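To start, the structure itself, in structure tokens.
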Amino acid sequence: MKLEPNQIASHNERLLSKHQQRLTFASQEVHNSDHILQQLSDFQIGIPSWALGTGGTRFGRFSLGGEPGNIEEKLEDIGLLHQLNASSAAVSLHIPWDTTTDVPAIKTLATQYGLHFDAMNSNTFQDQRDQQHSYKFGSLQHVNKEVRKQAITHNIEVIRQGVELGSKALTIWLADGSCFPGQLNFRKAFENTLESLQEIYTALPADWKVFVEYKAFEPNFYSTTVGDWGQSLLYANKLGPKAFTLVDLGHHLPNANIEQIVSLLLMEGKLGGFHFNDSKYGDDDLTAGCMKPYQLFLIFNELVEGMDQRGMNHKDDLAWMIDASHNVKDPLEDLLQSVEAIMIAYAQALSVDRIALVQAQQENDVVRCQEILQQAFRTDVRPLVAEARLRAGAALSPIALYRESEVRKELIRNRGNQTIATGL
Amino acid sequence: MKLEPNQIASHNERLLSKHQQRLTFASQEVHNSDHILQQLSDFQIGIPSWALGTGGTRFGRFSLGGEPGNIEEKLEDIGLLHQLNASSAAVSLHIPWDTTTDVPAIKTLATQYGLHFDAMNSNTFQDQRDQQHSYKFGSLQHVNKEVRKQAITHNIEVIRQGVELGSKALTIWLADGSCFPGQLNFRKAFENTLESLQEIYTALPADWKVFVEYKAFEPNFYSTTVGDWGQSLLYANKLGPKAFTLVDLGHHLPNANIEQIVSLLLMEGKLGGFHFNDSKYGDDDLTAGCMKPYQLFLIFNELVEGMDQRGMNHKDDLAWMIDASHNVKDPLEDLLQSVEAIMIAYAQALSVDRIALVQAQQENDVVRCQEILQQAFRTDVRPLVAEARLRAGAALSPIALYRESEVRKELIRNRGNQTIATGL
Amino acid sequence: MKLEPNQIASHNERLLSKHQQRLTFASQEVHNSDHILQQLSDFQIGIPSWALGTGGTRFGRFSLGGEPGNIEEKLEDIGLLHQLNASSAAVSLHIPWDTTTDVPAIKTLATQYGLHFDAMNSNTFQDQRDQQHSYKFGSLQHVNKEVRKQAITHNIEVIRQGVELGSKALTIWLADGSCFPGQLNFRKAFENTLESLQEIYTALPADWKVFVEYKAFEPNFYSTTVGDWGQSLLYANKLGPKAFTLVDLGHHLPNANIEQIVSLLLMEGKLGGFHFNDSKYGDDDLTAGCMKPYQLFLIFNELVEGMDQRGMNHKDDLAWMIDASHNVKDPLEDLLQSVEAIMIAYAQALSVDRIALVQAQQENDVVRCQEILQQAFRTDVRPLVAEARLRAGAALSPIALYRESEVRKELIRNRGNQTIATGL
Amino acid sequence: MKLEPNQIASHNERLLSKHQQRLTFASQEVHNSDHILQQLSDFQIGIPSWALGTGGTRFGRFSLGGEPGNIEEKLEDIGLLHQLNASSAAVSLHIPWDTTTDVPAIKTLATQYGLHFDAMNSNTFQDQRDQQHSYKFGSLQHVNKEVRKQAITHNIEVIRQGVELGSKALTIWLADGSCFPGQLNFRKAFENTLESLQEIYTALPADWKVFVEYKAFEPNFYSTTVGDWGQSLLYANKLGPKAFTLVDLGHHLPNANIEQIVSLLLMEGKLGGFHFNDSKYGDDDLTAGCMKPYQLFLIFNELVEGMDQRGMNHKDDLAWMIDASHNVKDPLEDLLQSVEAIMIAYAQALSVDRIALVQAQQENDVVRCQEILQQAFRTDVRPLVAEARLRAGAALSPIALYRESEVRKELIRNRGNQTIATGL
């Protein structure tokens, strides 16, 4: 489904006068609104192909209907999101769920929607039909070299598919680990994993990156072989200059200071990208910013400061992606909410008075430091985010337009009520 | 599959002399070995019907083969466990997974295996085929009275089936809750749930109990409507004398002092039963005692002290059940390990020198208090647990005999490699 | 130190025009700004006498200078805060630190500052010079009746002093608990504590309340005898209608859903009051709203909804207090930041579109529920909070005026650099 | 106070026959008892000078009496511990608390007690009298170079004192960090700290090591500048071959897998030493093994495996120290309990059937892996630990002898009831 240009136009027209009034006010409240608007326009967040259908837990899944059943439909959905918010120009595919036999057609389709292919994702945490060896006891870490080889081969195949599609990065999330004390030798698991990663690394094209994602726990419940940023960084350093750490906000132990990790990874030149989501207990994979919006802002505060300090390009030098599971919301609405929350946090971080902050830090004026950050966070920058959309031809209020247009109804009509998005 | 009596006998014979030597020593180390042996013989732990197959996570499941495909096969498996350890005489069924059309046959079968039916479990956390209303947004808490009614009716049906089978209790675990702030009104959710529980309570036979299980999170990731012991106790108190709280060891926030909760629930006369398992991060559902065996001992220490103080019968006055998920182990071996760990913890708790402990507590002699508990925990009581099995005609080393007898191989031969236990 | 009226006036004058512009905008953004302004004007937050000096940890304390050395100076400091924000009209005293020999003088002084006496706090977590029995092993829980008696007597003495001063409530925070498994019998500790509380309860005047505060851990590191809301509620229910639970935001296990606890305590008619602060790891006692401002808003969202539903008076029916430790900030500035954050969260909660929220909840429109709450939270209500201050004759920007007036410098000049506020 | 040799002899004589019976049994249960006995005899655990007095929290401290008031008395106390258990031959000093003006006398005294000097500890988390700059806002991280310089100078002075005493290592625990978002720039704090550490590193003698201790939180409650093992390893790698990471068991986020961290640090050749203690909530500094004895065993399991694999010497190649706070126990008894728990865990780890474990891991026989570890943990090795003491001329039951000898009474008689151990 695709919106007609005039649908967006008439939607915007209705909201325009109120929007402009708010924009005027917001532009006065923020010292650098032009800069923020420019940065917001450039910023694009990758949508994971697996997040377009209803998610679930081990206890069950409650489908919504109209879910995309193949890669073409997934592109269609993301295309629609991008029409609505002009901030979702990238697609993150998952192999084998999204393997296509007709690459040129898929590339053409993506181009029509204004989309490009962000990091490719391999899958060695599930057994596929006709797979020779099982990943029940790990993949790249496995004690059996044959199993490792199979997993390596799969990752190289994912790179191959990515090259054809024009992607430039491979994200490796490993479920590898153990459920019980004694089950594996931590050191050997690390060494096996490193050796496997090195083989994959060797297969990377010159202009590619590989992201080593870490996660504290789940689906293994005792140890994870890439369990925290320290371990991921060890791998990335041993692999070489094309290897980076990927941070997923839900992959930490309780109370972790993620923004500090972000800052240090940037310092080391080893931050590769992000999986945005939010959580209260574990890897809850909830909508970005729904639970701890101040933390999201603080993370962006470090990102902006650290990237600027290194002269990095906000848009391209890190991979920005959502990774979420939509168990009780319409996935497309959920993704719109996530993108909105991310853009707000980014805009707020851009609005921080950095000169004043550096000075207050230099004076250990803790009260003032807090005032400066809170000033940025408490200011309502939504009009700036909306204006960036407006200028890009997208909707002032994406969810409102999505609902007015009865998109879900239409998708169910086209795809049926019982479809299940491929994947989990 | 069933073991021949002589299989057990010849297994025991081989181990007997070493066992007796150990038993002699253990009996000297513990001041009340006869009492412990008696208590261990009586103690029986319910096996959940859903834990006989390989478990999984939202990321996947790696089957083992030979899993029971129906209630008859589940009883067969539990019968085998009980042959091996003489401590698994109870079955906890789950409806609708275990609904049977031939109750008398099932009862006869259970009797043949020496099994009886422990608490029945209802399921309103999944949608069953042909179910009119969805539980996507809760069941007993649902804003729509029709949905609540459907869930109530299901629970009453579970009671009906339980009555036929000779069960005496209903366990209600509710996934009800919310994933996002604002999604529901906590108070109304509580009130709806209470009202629903009251209707179910009314349908309880006079000699039945209902257990209200609590859980901190998962599958809902913001709030759970029976989220902690305090909430469960509120429900139980408002319901009446047949309502009790059920404690699952994995259902708490990080660092919770579960043994204190146990003690206070006993004090209030409202502890109903247990779901044993172990965990490191959340509701990991690992083998009992595999991660924090000292905690398991401390819990039993409170149970023994608290039950004795109230004159309760260890065997019958609480419902003792395992609730676990066997993702990387043979489920039957895992259950044997769990039962062994539980029996060890129970034996250690029974061996605590209570007179000395009370005196040390009275004197605030904290060092001595710790010495007394550690003395019980550090003493190797496994020979007592083995002796209790021996006296009951079970195996000195259940897992060894299970493996010698090549049970899994036989189950796969009989049931096939691709069977999936009904349930999750 | 006291500000001259014209200091405030000239401060406000400079900021007025900008303020009015913002106020106009904010009043348009919020549907009920008049109501909010009225509520904000009424709302008063108690300042704890022990938070006026620099706090510390077991590792040390870094004093600031100019700290109040007696109750007169503490009242002076709070009077100043109240001049600045018109929202700190209440004082929460701590006995014996704030025991006075001249009650009439203190009452007169308080009246001059526009202050009244909020809940009184007893102290049985420290040994005072000349105290007969030690609280090393607890106070109201102690195995020795003589120790309990001493602690009961102290609490009754605190009530007596409170009556003289015009306070209407006693807050009991107990450090009682244990550091090691086995150290105490949980049930007996509960029973002793209950018995002790009952004696104190008996001594309460008819128009007094007693607040039973709970805390998960610290200074005891294994168990706490009033460890969570469930335990506190048990005590409160057993004590009677004048006993209530007091919630301190930092007194929970990781990831606890505090807003749900608040809602249920209101439902039970047993929420008595609040200790505001913020934290990342434990009872960090940081500035309210500095870490998780959305959580603070969600808590106020439940407070407003729950109080309104019960017809409670926002201002008087709960005790609103700060409890914080100012280790690296000027305590007075820190308190101003806390009050500001609390007022913002309260204003945002008041601005929630409740009719729409109820409807969205009724339809399980989770996306909409989230939008409604985020709309309230993302709106910048600071102009409303400032306006409430302005109308009450306080400062538009309290911290700015505090700094312009060089208050700390003056306090150091008057009181010296080495003064230590009585207390911890 | 010092025990007479015949006191120990007569104590042992009374317990000998029972002990020998137990030893005989334990030696049969364990396949390598001779090896274990040898290793236990060699193993020595450093006692921190600051743990000889009663500890406290920010809420207070309850003294015991008879606490050592100077370094001579501290050595006396540790000498006594070493007489009792023959496993406490090392002292870990803290400067400036233990600065001595008469080094030769102190060295002679230590030698008389059979003690040597383990890692020296610097203190830049408190302000000392007459100190020019405050550490309120950090030391090695401080924005002001003068403050950093002062802290560097202090560390170099600690090395100097250590060299005189014969120590070979410096432990740097930094409280540096921040309490509020925005307070510091994480990257600059890291860089300042690194630069400072490099200056200290340069001052290290050739045969010295420096240990960089990490801690998740407290006394700073937002960020810590050496916050986790990943950060510590970054510093250690950047510093050079004499820099190592030091692990304190209480310095992690909830649920951290410490044994995996230990294994990986050993793999990297960067594990330097240990601070043993136990905890339930945070850095509770409780007696080693009092809360999670299985975790302690699992850590030793990794230590033994990893050290053996690298050909490391158990006794000397890592620094083994206790770091605890004795709030409710007699510190000397508490230390005896800690050492006992550590020796038990070490003995159990030594008894693990490594050949069988490697094979089971190679076969992914998870059940067997668990059985092997649990076999080691459930076996009662206390007789081996006692025998190692006996052979070294120490007491079979150290705490019993300590109590029989009425040591505390004597210490109070000699030192008085109101003495306070220097330090916290």
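Just so it is clear, A, B, C and D label the chains in written order, and each chain counts residues from 1 on its own.
Following the convention adopted for this analysis, contacts are C-beta pairs under 8 Å (C-beta built on N, C-alpha and C of every residue); 3 or more make two chains touch, one makes a residue touch a chain.
The chain lineup, named per UniProt: A, B, C, D = L-rhamnose isomerase / sugar isomerase.
Here the structure is a predicted model, which is why all the values come from computation and not from measurement.
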item: B-C compared against C-D, more contacting pairs; value: B-C
item: Far-end chain from chain D, centres as C-alpha averages; value: A
item: Whole-Å gap separating chain C and chain D, where each centre is the average of the chain's CA atoms; value: 40
item: Euclidean distance of C-alpha centroids - chain B vs chain C, Å; value: 43
item: Contacts with two or more other chains, residues of chain D listed in rising order; value: 136-137, 179-181, 183, 216-217, 222, 254-255, 257, 280-281, 287, 290-291, 294, 328-329, 364, 366, 370
item: Complex contacts: residues of chain D adjacent to chain B; value: 25, 29, 254-255, 257, 280-281, 287, 290-295, 328-330, 333-334, 337, 344, 364, 366-367, 370-371, 374, 377-380, 382, 399
item: Touch list for chain C against partner chain B, complex; value: 136-137, 143, 178-188, 190-191, 216-217, 222-223, 227-231, 233-234, 252-257, 259-260, 263-264, 266-268, 294, 298, 301-302, 305-306, 309, 357-358, 360-362, 364, 366, 369-370, 372-373
item: Of all residues in chain B, those that touch chain A in their complex; value: 55-60, 62, 125-127, 134-137, 175, 179-181, 183, 216-219, 221-222, 254, 279-282, 284, 286-287, 290-291, 325, 327-329, 424
